[in-house]
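As written, the chain order gives the labels A, B, C and D, with residue 1 at the start of each chain.
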Amino acid sequence: MNDLLLEVENLQTHFFLDDGLVKAVDGVHLHIRRGRTLAVVGESGCGKSIMARSLLQIVTPPGKIVGGAIRYHRGPGDVVNLLDYDRKGPEMRAFRGREAAMIFQEPMASLSPVYTIGNQIVESFRLHFKVSKAEARTVAIEMLRKVGIPRPEARFDAYPHQLSGGMRQRAMIAMALICQPNLLIADEPTTALDVTTQAQILELLQKLQAELEMAVVMITHDLGVVAEMADDVAVMYLGQVVEQGSVDDIFYNPQHPYTRGLLASIPRLEGATRARLAAIPGTVPHPYARPGGCPFHTRCRERIINRLDMCKTEAPPLVQVGAEHHARCWLHHNQGVELSSEAVQLASLPLTTTGGH
Amino acid sequence: MTSYILRRLLYFIPTLLAISLVTFFIIQLPPGDFLTSFEARALASGDQADLERVEQLRERYGLDQPWYVQYWKWFTGILVGDFGYSFQWKQPVADLLGQRMLLTFLLALATTVFVWAVAIPMGIYAAMRKNTVGDYAVSFTGFIGLATPDFLLALVLMWVAFFYFDMSVGGLFSPEFEGAPWSMAKVWDLLGHLWIPVVVIGTNGTAGLIRILRANLLDELHKPYVETARAKGLTEWHLTAKHPVRVALNPFISGIGDTLPGLISGATITSIVLSLPTAGPLLLQSLLSQDMYLAGSYIFLLSILSVLGVLISDILLAWLDPRIRYQ
Amino acid sequence: MDVARNLPNGMQPALPADVAEELAALEREDASGRAVATASQWKLMWWRFRKHTLAKVSLAVLGFLFLVAIFADAIAPYDPTVTQSNRTYAPPQPIYIIENGRLTWPFALGLKSTIDAESLRRMYVLDHEQRIDMGLFVQGEPYRLLGLFETNTRLFGASNGAQQVSVLGSDRLGRDLFSRMVHATRISLSIGLAAVFVSLLLGVTLGGISGYVGGRVDMVIQRVVEFIDAIPSLPLWMGLSAAIPLTWPPLWVYFAITLVLSLLGWTGMARVVRGRFLAMREEDFVMAARVSGSGERRIIFRHMLPSFVSHIIASLTLTIPGRILGETSLSFLGLGLKEPIISYGVLLQDAQNIRAVATAPWLIVPALVVVVIVIAYNFLGDGLRDAADPYA
Amino acid sequence: MHNVVLHEADSAPNTQHAALLQVEDLKMYFPIRKGLLQRKVGEVKAVDGVSFALRPGETLSLVGESGCGKTTTGRSIVRAYKQPPSAGRILFRGDNGHVADLARLSDAEMKPYRKAVQMVFQDPFASLNPRMTVRDIVGEPLRVNGMAQGRELEARVAELLHRVKLPPEFMSRYPHAFSGGQRQRIGIARALATNPRLVVADEAVSALDVSVQAQILNLMQDLQAELGLTYLFVAHNLSVVRYISDRVAVMYVGRVVELAETSKLFAMPRHPYTEALLANVPRPDPRARRSRIVLQGEVPDPANPPSGCHFHPRCPYAKERCRVEIPVLRELASGHHVACHFAEELTLRGVDTSAVAGASP
């Protein structure tokens, strides 16, 4: 398939802190396809934001990408491993902003308070394209119009604090899309917004994605947003992708106990009132005290019911459970309960995808 | 913006009044009457001209009247350029202070330029190279600078110049230019002498500003908007210089208000040690001899200079930071 | 394969009793059982502070200097006020512990003095013939230890009480510089603390009122703070010090100078306290305490104050060196403490002109100690500030 | 003390109980001060005439977006602010049947009612004093109200921890040792310490991860059943509200725009804003993707709200009348209150509340 844009293989990003090593991202495999939306979903501390930053290599010390590969398919047969580039080098900087752009959770904090919106939008454009100030301004105002900011000529010279939250996030989007990147990474783009504003921004993102035919990586903790936006979904828990598949696979045929637990525990709008939710017991462990074996084993009902003791000691491999559907769980391993250590080694190899769309 | 500046200028008036009151209070504090001792000396020496002058002064500054009359006469005098009379020098204060204040201000200005020129690059360097040998070197030098009293630095520099270069480093001019009229050669001579007091006075402020800038910048460097800039593809230097440095400089600029009084204080003590023809040594003498109008005018003028510094820094800050401007 | 897998979304089977128990046990494991769990604020701060090596060293240095200040009488080998005309500007007599390449009992050399015929100044050379053995706990002039016990044992000195060793030389009146420095430590360290204590009282009171009461009161106090900050401190200090009558006894002068130094210094503290109060007022846990029925006094003393006491201590530590430098500068100029009080500034008066420094460079040594003290306070303050908020 | 006769909670269908709490035309304005003299230049009308009643044992949820005044309403009721409400009455029925207007009580007069009215906060990190042990935090209401001390207090704290399913041996630990969910349990234990009758839960589960959010919601339901608590549940998330509330009040810029039984409000909203809110919640159901009613604009600033019906600039059904005339909250059907001029004429879309999809029994 030539629709593959970015291929993440066994990505590992670790934080070297005074109090110990935190393996924020610990062996993540992902495929990001052109024109599609991949949602990466998980609870706080699962490493999804660090994973997103690793894609652009903007993780700063004490964090460091310590292993893996990020292959960027620039065109047919033109594949580069981004991790071969120096994190501060010119190739990586040419990639950032131009090929892949990013928007962040808190639009107020993510915009510099002392420069105008226009200045910050043009900055990115003029960095990657040789254009005059006047041309850049025209393009930027056009972009502001496109993201639905009224009176863009006037807003070009406004400061971030003069805009409302929703407008700021639109400005952020305009800033990210000004170079027409192939990939947009959106880190919780609507978490800080009200529901009605969230709906506006989500709709805007969908419209722009279709128009610009870009791939979107959507980082979120909200399964509602995932269901609305995603084509493919990766569920993360403690630095690993525990399950990935199409949005239908994940929502209607979840295979990992964590995904099932998550789906059962989210409150829904429909249904009887004053009902009970099915909670996952315990809390996400502290990153310093990461459990051995399967990281989820301390909270996994199914492990306890099925009396699978290997979950405590050995990390499960990513098992293919459907055409494009994988889960990292012993329950699905064909050997079931008894497993040789060789299988564990096999599991750490990169997964092979079968076919495509 | 204009209304902001006008408002700030309006605040300036009560501050001016308050400073004049405080100054007047301070110069009135020491026990004894300057005039009385002056008179006694004049009587003892039998100087009739001095005795007459005593009467004139008593009349002109209302010295036999209650303190508020004295204050009013003194304050309104200042407003028209009459700073009073120095009993010790037997001259109007304004004549005595003129050139010395000019040199004091020049020194403070030169020092500010020096402080900024040194502190900004060093502070940025230390923050961007956090926890490297370079950072430690800058920070440690800064600490030494902060901890060394001005006079010690002055003495050490003088000592080094005296012993190793056989140079006399006191004063701002070589003896041949001391009383000479201004000329290019004199200016050149001044510049040759100026660097020692500038370094001595500036070291302390430089060290302080390096620390402030480094700390501010380290705070800013972790803000999300820096990450945004990084995600755009800017180089580390470019994104640091354009974004966080700009924000980190804000407290720096508001620091002008604090820096100026500091520089002037430093200048006072350094001037005394280096015997510079600035206002500092004159102040010390006038304080020791309780020459009230001279001392009072000096403290008053320095305070005004400092308050002006705060005013300038506030206006600059409003100009630089849109969040303040639109408040 | 397994049971749970084929259940529809959200449907959970009823758990067997032992499974439920195991889940409950898992939940207990969550809260980290480490010592950290029960560590109080101060313990957490100490753990953080410990990582700051420079701050720890500084704490040790300052602790040592405070010990010197407390036991100054015993540590100083001689009476700091005794003048000796035959030892004016006597150079330091180093203490040797190696003789002919071998370790030996510490000793010093005596001084031979001659009078230069031309300048009429006394010149000194070390007398290699005259070996003076040093001793610990030697007998010297009597004094009162801590002002209580009459004794004449001094920490160290020449074993033979009749001989004199000035390890740092003598000043222009032949007084032993080392002894004078030991006594100066007492004054200079204490005046820094005292001045900061007065600033603390003023700052906490006014800042607290400003932050807690708010409104117009806050506004007035803020204007006063701004005003005081705008006045350059040294000229004002000089003005105020000059107003201290020359006839006052030394102790009064000491207190007057302390007051002068602290009158301008409280504004920083007031700012800190006000800022903390304002921030704290908005804290959820303060609101929670109010909802619980806690009175204002309990809220202030049980909830607010403990939250920023550590910050106050840290910023206090950082203002002490400024006061010490202030005293030193004033006294150096002759406007602060005066003889017979001995402070570092008073000692440095002797080093006021370059001639004196050129002939007797050891007179600069007190300034180096001031530098060490100031640096130590700065490092200590930095360490405390970093540790002050263990929950950040 | 202001004694008032509390009438029957008129909004409750077939109610036999008198209301526990009746809020009448509550207003909370915060001054905006500026300049050298701190002159008042305006007011934020955070809560601008809110009325509702709470029956004993029920849960009423206040729902709305940021700046709608829901949190301020909750906090005003527990008198968490130093200033009293600007106007209106907060009538609370004490244990002995006496009714007091909490809005007008002084701090001292309020004290006995503090025991009966408690609060759970949103942020489990900020709401626990990090410098106090769990024993001191949970025991504080007991201590300051003179209800227990020493060993008795310790026993009561242990019992409370047990109730919120935390091991009593956690008592001597500090908050930093706990996760968000555990901290929120501690916060609940503190709120329960004085055996309150009314608990105001201010976004009590919003800051938690979904898996933990479910635990806390279930715990709160269990506690309500065991202890007969009455909840005022403040939230922005409509899907959370469904699980815990008997009735829901939707707020917009300081006013209640709709108040009804949960199932009715969800199934048949009568206010355009409620309809939009329901339509804008992203559904965790990819096959149910459908066109949203995307509202224009954003929530207005409560310091400077639009005229007439605050919602009119964003309302797809707005007419001229909405711009000029403020709609009053009126009872449309039994127990269903709406503040919209055209509530009768509009047919609005709700959600399906009959199915059990997604919820466990």
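Going forward, contacts are C-beta pairs under 8 Å (C-beta built on N, C-alpha and C of every residue); 3 or more make two chains touch, one makes a residue touch a chain.
None of these values were measured; they are calculated from a predicted model.
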{"item": "Label of the chain whose CA centroid is most distant from the centroid of chain D", "value": "B"}
{"item": "Pair joined by more contacting C-beta pairs (A-D or C-D)", "value": "A-D"}
{"item": "Chain occupying the middle, per Cα centroid", "value": "C"}
{"item": "Gap in Å, rounded to a whole number, between the CA centres of chain D and chain A", "value": "34"}
{"item": "CA centroid of chain A to CA centroid of chain C, Å", "value": "52"}
{"item": "Between chain B and chain A, distance of the C-alpha-averaged centres to the nearest whole Å", "value": "55"}
{"item": "Per-residue multi-chain contacts in chain D, two or more chains", "value": "36, 179, 182, 358-361"}
{"item": "Two or more partner chains touched - positions in chain B", "value": "none"}
{"item": "Residues of chain A touching at least two other chains", "value": "263-264, 278, 281, 283, 286, 299"}
{"item": "Interfacial residue positions of chain C with respect to chain D in the complex", "value": "9-12, 27-28, 30-32, 36-41, 44, 215-216, 219, 283-285, 287-295, 298, 303, 306-307, 391"}
{"item": "Residues on chain A engaged by chain D in the complex (per definition of touch)", "value": "43-44, 164-167, 194-200, 202-203, 221-228, 230, 247-248, 251-252, 261-281, 283-284, 286, 299"}
{"item": "Interfacial residue positions of chain C with respect to chain B in the complex", "value": "226-227, 229-236, 238-240, 242-243, 245, 321, 325, 328-329, 332-335, 348, 351-352, 354, 357-358, 361, 364, 367, 370-372, 374-375, 378-379"}
{"item": "Contact footprint of chain C on chain D as seen in their complex", "value": "36-38, 75, 78-80, 82, 107, 111, 114-115, 118-119, 121-123, 126-131, 133, 140-141, 144-145, 165, 167, 170, 172-174, 176-179, 182, 187, 190, 193-194, 358-361"}
{"item": "In the complex with chain B, residue positions of chain A that touch it", "value": "53, 56, 58, 88, 93-98, 101-102, 104-106, 109-115, 123-124, 127-128, 159, 161-162, 172, 175"}
